[in-house]
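In the two complexes below, chain A is the common chain; its partner is chain B in one and chain C in the other.
This part shows the complex of A and B:
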């Protein structure tokens, strides 16, 4: 029923998608945040009529344009890669997953692309008011497009609002609102866009700091720091809050991923949150997978239990509990889930045989089971486990998950500190005297990029081996093409994107050095 | 009162939306048409800048329409998305590749320190302008000529040739449609330049080029249409679910769907009229007619590809793996949900129209290219 899969093909297909996603995410967050910062600046220009504010708006808009173009270029491939490289997945979930992508195009992309043209070329062609509205609509459009793709991604992490149809061998949507307001989607969207606002704020702060270090563009630099400081501080607080919410949601819907974040192997009550830690190997194993131990850690006692369940008595399951089961906590083992998943798969084969043999009664009976809530809860929700041979296959890379998570959290706190200091120094009028801080701000431009990328590494590596949590592993989702073809396109994309990135950075640096036009 | 909307109705509704998006995409590929002439049409750098800016202010629309077309196809006919994109891998990758290099070329070509130099970015525009329409036309031609794939019982696609889509380039009819789309894009582009650029010399050279490109378009278009109407088509019997070859299938479709026939004829007449009044009367409004004609003609062609018991994505390798609008579509619930979303489309078209008019209210001039701050 399911084709044997070449694992090299799976790995290269994953690598290609990761490559395009990583490159795309180098540009998207700046678009999300800078669009709002530019809109705020233009609003002040609109209200004040000050040419200085107009100059400032146009300067940041130029940088926005350079970044926007390459964001668009790297984005188109992502949409189509679902089809080219993950065609089995596309059919299995297209009934649900396609809708957000289509809505993204209709509602968001057209809004963005229509008004971005007015934003760039309309200064002398449309009224000031229409231009301002266009700039705001670009910001809204950009962020709306993020909403829909994140709704789609969240569904992969927490599939809701659908039933499986054995006739078509795919999942079909039964509640659009459940898909849209999926709890993972809500927290993921807020966390992601606020991280974009943060990144853009740091970008503006860092470049403004560069001007102050160079003793030029004082007006632009100080006003930009004021806006970036406030916007950045609010954003970084929102990032922290939504990060916390996301983690709580994950602990419920993707407990193995959550346990991997904390490298928590043995579940317990009063579980502590690791603030800082270093992992090392150990003699213990789960199946054939090595268990990591801590060489060093600083823990906040009881905090993980409080975070996930509201009090210190909450049991937080570890990877061992989730793989081998824990009867006292009502946790089913992966072996049992594999058995249940295989029963569903056998039933699906029976259905296909009944259909082929024109046994309508049997086929209808099986079809009805796939709509029965008890069958869904007890069996179908483990459908994807049928693909695994060993229980430990469901464990993601713990080291990558752990370090990504902790580095991201540490950077989050660092960003709050930077924005607070920027506002304090600005308020006291001592920004230009604290050259160390200006250097820190300049050097910090890259850090939100690091945080954003590792955030995605965390989200996507952490949910391995699933492409759709519990329903479909990546190995079953891949297109049946030769691995040689994927390796070739991987290399082509890697070379092209790298060349374009170098061009983008070079142009950006030159524009920054040139500064606003006088 | 509850209105019952059937699955069949929605499948047809969504095929019309897909066909409409595709026809708008072909129209908007006038941007690519202009790019394909970036080295041959302008006599000097200033003219080149005017052409690039005339096209460059619209490239986002073409790009967005392509992305929306992909998204809408995925949402409404996911089996096509998985079968075609996952199977005809190389054709789609080549198309995407050409669009990636377009997206940055406009913004970066004239920026200082762009590393690759303006010439390279202009070559990017040329590649996208030539390959984009040609390959899209070739890929769409397989809707009529078929591809070599099969589907298993889980609806997973297996391509029957190692070329993964490139074999489409060996079929003369596919090539003819590819070249039709390319020369139509160039024709529309020349008409758009004549309409929106205020430069006597450039308008004159565009008018001269128009005749040659129109003739090339007509030759390939007629070849494709005639061979289409006299060839066998892929008929689908809804009662048995079987696909079979039927002589003159697409001609039958046109005759059996008179409204589509009228759309088709009106489209062709519109295109010819737009070209004619430009060449023979020196009109600058030809683009309005050829533009409308392009949309109507492509719409009609895609309607005969999918309606009236026809397989819109046939397999010549395994006829019964061929995709039809009922076999490939999303569920009733999804199509209905998406239908509500589609009601917003007129509003979207409205604001696009308004914004487009606001930007195009003055023709592009030499003066503007010298004084405008944001010039490609």
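This part shows the complex of A and C:
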């Protein structure tokens, strides 16, 4: 029960994980995208033999290298935290989380020790072809590394391909392919890597704009803007498409999170998508939680229904329907789910008692139930609800979810506009004359970072209170350690990562100022 | 056997030359990488991030028992 949990410990453990994940994600997306941009540039060099393209490739490769090196191993801290702060979770997930992370670790090790070395040490030492292949392998490998992390994260959002074993108190993988091709994993992977491509394109565009503003490096700047403009535009369209796909998947597997994105409390057919809106408090409540109303909104009529179900007649459930249930739409209330979750927990108590009393037959009988599909579908899938005292506990922070979602979407459309304008100005040969646009491009470098981070805030805060959707809330996952030790390491991480970030930015700015000649 | 030794020698020279002729930024980031790895693995992991279950229990059965208790009692 929540009464037995030190919420300060849960909050600090969450805050620490958020801090380390947010910092880690400052380094990752540039690696994902810039590796491909560098590979494209090197391919042009390979085909053309032009020394200018070689210079360009090496310049962007330098910036890639700085980011890659500073970011390397920052994600390992998250794994430390699992073992220390989230031990119940780490044990409960068993090999499902461990297998993808192990594959990622091995892949990253071989990638980094071989092909990244060829990328940086191999110029004029290996053949041009082998060097090019290595650069492409780094790009593909870095993105495949991300795949395994996202597969692990997607399993937390939509746990599939496993059964729970009461004897070990762990989940055991029964289908690797179900875990890998989890529909959340597929959409999350595509959405995440394409957002990395977009970020890197904006980075290249912004720095090239800086050179044009300083009236230097014209060849590099214009060719880089061409590559970044095309790659960025395609990536931002892919981000929009995969974002739409992700939303459709979420509406099925995490409907409360989806309703929170839109601050939709009362479900309906012909539901509109809020394009812009401002929330305000209201007198209405769900249990003890306040309901947010709209002070202002502009809606695209019927679009939410079309987005989720393909037509305007699709019923999109609101938070009220999902918490209190809606019999006419076949939606079970949280109270009913709590009852089912508690039955599972009672069974686990019986199992423990049977084992303690050496009643092997009873223990085996209960253990077998956890492998029965009907029991899993009707009861075990609601196990996590047993930890809640009140139905409204399942509602995430609606304001954070709503604003994060809408800011991310608005930024997405802004990026499309910037890349289109870059290509138009480049085509017309007026890029250097439109200094306002060059300034906009330079200042926009930070915006994809903002969009990426709020995307993660949205994904992770939107799914609260769950650490594993429907199976384990964060309150049950946390280790019984002192919150003081978590606060200490929180501060240590904040200092460490800030130093790393300052180091990266200062080395990068120095190299950018020096330009490709150095 | 000779070809293996030659290959190993070339591999060693490849990395050796790479590290010794490294640019200013390369040297800086390597210093940062080494300091970072030291802080992560020799300070944070050893002193601040013990494996909670590993520290409390020595066998998997004990760990299972503990987590099962947590799942039932929380």
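Here is the rule we go by: the second predicted complex is superposed on the first by the 507 of 518 C-alpha atoms of A that agree within 3 Å, B and C clash if a C-alpha of one lies under 4 Å from a C-alpha of the other, contacts with A are read in each partner's own complex, and residues count from 1 in each chain.
Quick note on the criterion: contacts are C-beta pairs under 8 Å (C-beta built on N, C-alpha and C of every residue); 3 or more make two chains touch, one makes a residue touch a chain.
Note that the structure is predicted; figures quoted are calculated from it, not measured.
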Checklist entry - Should the superposition on chain A be reported as showing a clash between chain B and chain C, or a fit? => result clash
Checklist entry - Is A:80 in contact with chain B, with chain C, with both, or with neither (first, second, both, neither)? => result both
Checklist entry - A:482 contacts which: chain B (first), chain C (second), both, neither? => result first
Checklist entry - For A:268, is the partner it touches chain B (first), chain C (second), both, or none of the two (neither)? => result neither
Checklist entry - Is A:371 touching the first partner chain B, the second partner chain C, both, or neither of them? => result neither
Checklist entry - In the superposed model, does chain B or chain C contact more residues of chain A? => result B
Checklist entry - Is A:167 touching the first partner chain B, the second partner chain C, both, or neither of them? => result second
Checklist entry - Between chain B (first) and chain C (second), which, if any, makes contact with A:387: first, second, both or neither? => result second
Next on the checklist: For A:432 in the superposed arrangement: first (chain B), second (chain C), both or neither?
Outcome noted: neither
Checklist entry - What is the contact status of A:103 with respect to chain B (first) and chain C (second): first, second, both, or neither? => result first
Checklist entry - Can A:345 be said to touch chain B (first), chain C (second), both, or neither? => result second
Item to check | Stretch in clash, chain B with chain C, out of 3-11, 147-155 or 183-191 | outcome: 147-155
Item to check | Contact residues of chain A, present in both the chain B and the chain C interface | outcome: 1, 62, 65-66, 69-70, 72-74, 76-77, 80, 83-85, 87-88, 90-91, 117, 120-122, 125, 168-170, 352, 479, 481, 485, 489, 492, 496, 500, 503, 507, 510-511
Item to check | Residues of chain A defined as touching chain B within the complex | outcome: 1-3, 58, 62, 65-66, 68-70, 72-77, 79-80, 82-91, 94-99, 101-107, 109-118, 120-126, 130, 134, 165, 168-170, 172-174, 176, 352, 479-482, 485, 489, 492, 496, 499-500, 502-504, 506-507, 509-511, 514, 517
Next on the checklist: Give the list of chain C residues in touch with chain A in this complex.
Outcome noted: 14-15, 17-19, 23, 25-26, 28-30, 32-33, 36-37, 39-40, 44-45, 48-54, 60, 63-65, 67-74
Checklist entry - In the complex formed with chain A, which residues of chain B make contact? => result 57-58, 60-61, 63-64, 66-72, 74-76, 78-79, 81-87, 89-90, 92-93, 96-97, 99-104, 106-108, 111-116, 152-159, 162, 164, 330-331, 333-334, 337-338, 341-342, 344-345, 348, 351-352, 355-356, 358-359, 361-362, 372-374
Checklist outcome for this item: Counting only contacts in the complex, chain A reaches chain C at residues 1, 4-5, 62, 65-66, 69-70, 72-74, 76-77, 80-81, 83-85, 87-88, 90-92, 117, 120-122, 125, 166-170, 345, 348-349, 352, 387, 475-476, 479, 481, 485, 488-489, 492, 496, 500, 503, 507, 510-511
